[in-house]
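Two complexes, one shared chain (chain A), two partners (chain B, chain C).
Right, the complex of A and B next:
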């Protein structure tokens, strides 16, 4: 995916995020219970959803990698986890700010939603040391894929467990017996979610493009310097060597 | 807990959105640094390729 498609995707991302934030501050009504502080919801929740879905997507790419052996799927799995971890960091930061404003505390340890997300985040934080602890590139990719599949399967299970758990403070907004949000809030949330999802996709595409360029440069250098380690032609953008070398 | 007054809530809301913006900007800065590194590498490879070409031409002229 190169210049034109990436440019279109970037412009769509900017448009969706600007539209989403404009709706948040100029259209969505103030929450009757929380007031203005509830505006964090339109950032925090989409980031959380996209981050968790990104981890599952990484697992699906990892399955394709193990089935086909094609390093491009390993690269996609790695980059999906990478961007989702960054989004996860944003979820924790925005959630803490919201918690401080709403509950008077930065963190609540006996709240299942918060702690379970932290567990998922820390689980994926171990992906990097695990990956780079293995020297051999093929083994590194295989082990990373197994990790991504196992952890990716854990994410929905964890989500279901949290939904079934008795919540103490963290609100349940979707599919509640009380009827959930009004239409204007739903629309604002949907556009915000679209913007954050497009941002995730754009960053993934940029990261993949940068890794592909680095891998091609490495191949070119080896070819020019006459190194016997030069990779076969056509493998450049599909090489996981770029990830192994970082 | 009752809703915070607007002047107090505004600080937290601004803080949350600024954290998000800061993370995106840090990421863009890291990507810019990567792009610079790729550019440097590409320039050195172009120089190497030109050196090879001029070296080859001199060798042919000598023959």
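Right, the complex of A and C next:
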């Protein structure tokens, strides 16, 4: 069941990303002001949106985990955060490249979007030290979920605070950039966003499948070695709680 | 409610008898002011610089209390007692938030006048500043109590606490500094956008009190 669904999903992802890049390079018009470098917009902005949505999704999985106690929801929350943090790194890297090319600086402190994203990224970077500082499996999963809920609530609040702070001094110059975007750019952007969102979903599914496979493998190995204390069938659902153990 | 008052009274009594947290925080804050006085080499501060010095000092002093908030419970088995007792575990969250907020208010009651003596030419801002600090304290206390309970259950609690707390408190710092900045302006307090910032602080407080109320029992569960 896993391979078939994953195969379809992977193919759809590849198709969407190839279509997105084709549109970016051959269909979308060159930006009159910024030229070729503006095309990084179709990679940078979808990555940012998807990683932030991924953080909130992780918070929702965490709520389900605390309500049901089922470790599978903790695994989903963990993997969502994991992939979103990786996407977040890509957002910071592509953003810096764009800023260097367009504004002449690698990083600009008075642009609110940059600063608020950095704070969110730093907060989620502390997820790993917290998670691996708790030894007991059940408690580790619960603490990680509590963190994911707190941080999920934090994401929108942080954006409100940082944005307000900056409008105090600066008008939002770049807000008008999207309002004036022609239809061909919007279409390209939408396809790129779809491609990146599918990529996120595929990576999450692959990592979940890998974790479940390795848990199953170690269970089988234990059974094969014939240790008298080999895990009985009832322990199966437990083993997915071992995800955090690595 | 009885559990809440019992835990709160216990915490405050322990603090009064051992003087573990508040005197240390006060000393830390005063030392930091002295450092700023020499580091910045200015006879008076105003506006955003004054707000930054005051709030950064309060934030770092608060971390000292947050690190200690659940230490007695963990070392002496208070957490097990709460789990066994037939009371709502969120009473403990409420009591800890209140205790932390009380520590912070006491801290500020002592150190803000010292701050004013060190750095301010104009004292009229102190009354409206108290409201800003009160709202900031509530947010600090709600987030601090929740983070402290998480950190206490982990292996590296002294590390995990501040690590989680600092990014979570960035909105409180931004909003409180935004409100304090015009209040501490050079020619007496101004009220430009103060209400907006107070609203952001209030939103933060409500949100994290609700989050803490919703999830605290899962931290306590074992």
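Here is the rule we use: the second predicted complex is superposed on the first by the 206 of 246 C-alpha atoms of A that agree within 3 Å, B and C clash if a C-alpha of one lies under 4 Å from a C-alpha of the other, contacts with A are read in each partner's own complex, and residues count from 1 in each chain.
In the analysis below, contacts are C-beta pairs under 8 Å (C-beta built on N, C-alpha and C of every residue); 3 or more make two chains touch, one makes a residue touch a chain.
Remember, predicted model here, so these are calculated numbers, not experimental data.
Superposition of the two structures on chain A shows chain C fitting alongside chain B with no clash. Contacts of A:101 after superposition on the shared chain: chain B is touched, whereas chain C is not. Of the two partner chains placed by superposition, only chain B is touched by A:221; chain C is not. After overlaying the two complexes on the shared chain, residue contacts for A:145 are found with chain C alone; chain B is out of touch.
In the superposition on chain A, A:163 makes contact with neither chain B nor chain C. When the shared chain is aligned, chain C comes close enough to touch A:134, but chain B does not.
Superposing the two structures on chain A brings chain B to within 26 Å of chain C, judged by their nearest Cα atoms.
Shared interface residues of chain A, touching chain B in one complex and chain C in the other, do not exist.
Interface residues of chain A facing chain C in the complex, by the touch rule stated above, are 66, 119-120, 122-123, 126, 129-130, 133-135, 139, 142-143, 145-147, 149-151, 153-154, 157-158, 160-162, 164-165, 168.
Those residues of chain B that touch chain A in the shared complex are 1, 3-4, 6, 8-10, 12-13, 15-17, 19-20, 23-24, 27, 31, 34-35, 38, 41-42, 45, 48-49, 52. Every residue of chain C that touches chain A in the complex is listed here, in rising order: 143, 146, 150, 153-157, 159-160, 163-164, 167-168, 170-171, 174-175, 178, 193, 196-197, 200, 203-204, 207-208, 211, 214-215, 218-219, 221-222. Residues 21, 31, 33-37, 39-40, 43-44, 47, 86, 89-90, 93-94, 97-98, 100-104, 199, 203, 206-207, 210, 213-214, 217, 220-221, 224-225 of chain A are the ones that touch chain B when the two sit in their complex.
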